[in-house]
Amino acid sequence: MADFLLGAAGFVLAMVALGLVRTLHGPSTVDRIMAAQLLGTGGTAGLLLLAQEMNLPAAVDVALILALLAAFVSIALFTDAAQSDANRG
Amino acid sequence: MKGPFGLLRGTSDPGLLRPAIARAVGLGVLWLVLAGGNPVDLAPGAVAALAATWVSLQFLPPGAVSVRPASLAGFTFRFLRQSVVAGVDVARRALDPRLPLHPGLVVYQTGLPPGPSQHMFTTLMSLLPGTVPTGPAPGSGLLIHCLDVEQPITAQLAAEEALFSSAIGWKQDNG
Amino acid sequence: MAFDAVLVVSVLGVAAWTVAARDTFAAVVGFIAFGLLLALVWVRLAAPDVALTEAALGSGLTGGLLLAASTRLGRAGMTAASETPGSILRLAAVVVCAFVAAGLVALLLLLPEPAPTLATQAAANIAATGLLNPVTAVLMAFRAIDTLLEVVVLLVALLGMWSLAPDRLWGGLPRGSGLSDPDGLLTFVAQLLVPVGILVGIHIFWIGSVAPGGEFQGATILAAMWILTAVAGLVDAPATSRPWLRLLLVAGPAVFFAIGLAGFAIAGSFLAYPPSYAKLLILTIEIPVTLSIAAMLALLVAGPPEREPQR
Amino acid sequence: MRFALDALTIFAVAAGAFFFLAGTVGLLRFPDALSRVHALTKADNLGLGLIVVGLLFQTEGLLAGLKLVAVWLLALLAGAAVTQLIARIAQAGGPRV
């Protein structure tokens, strides 16, 4: 079971990494902000799988923080982008 | 009362008591889930729940809407099912070699009042099949981005909105 | 094994991409993604304490600071592209970086086997602190002086940043968010997230005595929530001359220092705790320290005073 | 019993991983930023939900299971709320369709 969970975590991480290639590449601001969202969901999934596989309950707290801070970071990125839009226009 | 945030809103209104208790209980349960039921964790849990409730009441004063548990349960069930449909729908379109997309913007007229309840509805909408709200439109309209504009989007949204309205106890003028 | 390979490739890829990115905004996004991936690395290394710190401080809050800095640079018309370094400077940077990297690699390869460690001694004496999390025991008891100095350094950094303000603005307010939020969507998101975030922050702080967590991680989450309320326009950043704010900032270091001094009388040396109530004293220090750190971090992101002080 | 629970976990986690795959394929194939927002939010959130469901069969104790559900709900709601903000920039910045 542990091997399966680790494999699944690796697969999800690979999908996140592929998605990161797309989102970081941009060029639009929206794509880039999506990188934070992508890591928020995919990273949380990976951490929860690791928590079970490594029998490390603290990793669930890391997942909790990741979900919360991915949202915080997305909002910060949104604010920054919206402000530079306002400055330009 | 002038708190450290420089807020002046009083919290002594008796009408505030019930929503305040409801939020405190909800946040207290969340603490139990996060921290576990260990007795030594209960006192800080109470402090944390009260602090979070106080902040919540400062920033989001209880409105006229009241949640109706029975309708809410029904809505949540349907909503979860719909978000599964949404995921399957996106997966089908993404993996189809022909990439069947007809993206576009649709204006949807909502009967919900502007403010938190409308925002809650649009938040949930971005998890429903094929729709992502992108902003307000003139009048009481909402601009919705759809993956497939050929679907009967506005009819579906109206059905969801009716359920959502009854779950939060909001009476629509036009039925 | 496959998991580790994917993780290493992603971390290195994102790091390289971030360094190579030309656009400041893109580089900041890359940095944030790098930090979040690094949190996964720390969990994989069974170091959830570091993972929490990396996710909260290294990625979330530092990302916020970098964004604030990039906005500021953009407004001042100083974009990274406009000051392209000369080839000599670039070469020097390459040489210095290569030197540091080689030094780190050499250190790792030359480490004696088994590596020198105080972990056994720390584990043997942890019972005297009344704590169950060895990391917190090291931070709050065995090496409490480091933690005290870290908090002081943070305070000095904040004062240094404040002193960048012109004299007439000293004690004034940081720049407002200046963001229009006509239908209140941003405000709604903050209303939704902030109470939950406060609860999570206190949870992470409180759990630090028995499991990974602690005051820096908890404080970072509380600071992030404060920043969120300010960004959403729910509160204005406070004038830096406010007495309650200054009290909040010094409360942590002051209580820490006072209990440290009391250690001479009650346990024989600076920052020593008598074992019978070590845990109580540590908690008495941790609560104000957490609040102070939260305020310091939030104010660091808010920036130096840029508006006239309120009278 | 153990075997049945493990089988359920494998099924749900594999399904979750499949939706992460679908989300990433959508992210790579969909032609415009707003459509990619759909792919990310809907597919990945369902993927996370299914993985949480799968892990529920392995957790011991009610609270530990509820905590996983709480993490998922937080990711779901926070993600959905933030998605609208992101979509707003796309709407303001991108060409009108």
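Per-chain numbering from 1; labels A, B, C and D assigned in written order.
As a working rule, a residue touches a chain if its C-beta (ideal position, glycine included) is under 8 Å from a C-beta of that chain, and two chains touch if they have at least 3 such contacts.
Owing to the predicted nature of the structure, the values given are computational and were not obtained by experimental measurement.
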Quiz prompt | Comparison of B-C and B-D by number of C-beta pairs in contact, larger one | solution = B-D
Practice problem: Averaging only over C-alpha atoms, locate the centres of chain B and chain C and give their separation in whole Å. | Solution: 32
Practice problem: Could you grab the centroid distance between chain A and chain B? Build each centroid from C-alpha atoms only and quote it in angstrom. | Solution: 22
Quiz item: Measuring from the mean C-alpha position of chain B to the mean C-alpha position of chain D, what distance in angstrom results?
Solution: 18
Quiz item: Centre to centre, by mean C-alpha position, how many angstrom separate chain A and chain C?
Solution: 20
Self-check item: For chain C, residues contacting two or more additional chains
Solution: 185-186, 188-190, 192-193, 196, 200, 203, 207
Practice problem: Mark out which residues of chain D touch at least two other chains, giving numbers and ranges. | Solution: 23, 34, 37, 41, 45, 47, 67, 70, 74, 77-78, 81-85, 87-88, 90, 92
Quiz item: When you check chain B against every other chain, which residues touch at least two of them?
Solution: 30, 34, 122-123
Practice problem: Please list, in label order, each pair of chains that touches. | Solution: A-C, A-D, B-C, B-D, C-D
Self-check item: Touching residues (chain side chain B, partner chain C) in the complex
Solution: 4-7, 23, 27, 30-31, 34-35, 41, 44, 47-49, 51-53, 55-56, 59-60, 114-116, 119-120, 122-123, 136
Quiz item: Can you name the residues of chain D that touch chain B in the complex?
Solution: 18-19, 22-23, 25-26, 29-32, 34-35, 37-39, 41-43, 45-47, 49, 63, 66-67, 70, 76-77, 80-81, 83-84, 87-88, 90-92, 96-97
Exercise. Show which residues of chain C lie in contact with chain B when the two form their complex.
Key: 182-185, 188, 190-192, 194-196, 198-200, 202-203, 206-207, 229, 234-236, 238, 244-245, 248
Quiz item: In their shared complex, at which residues does chain A touch chain C?
Solution: 6-7, 9-10, 13-14, 16-17, 20-21, 24, 26, 29, 32-33, 35-36, 39-40, 43, 46-47, 50-51, 54, 56-59, 61-62, 64-66, 68-73, 75-84, 86-87
Exercise. Quick one: which bits of chain A touch chain D in the complex? Just the residue numbers, please.
Key: 1, 4-5, 8, 11-12, 15-16, 18-19, 22-23, 28-31, 33-34, 37-38, 40-42, 44-45, 48-49, 52, 57, 60, 63-64, 67-68, 70-71, 74-75, 78, 81-82, 85
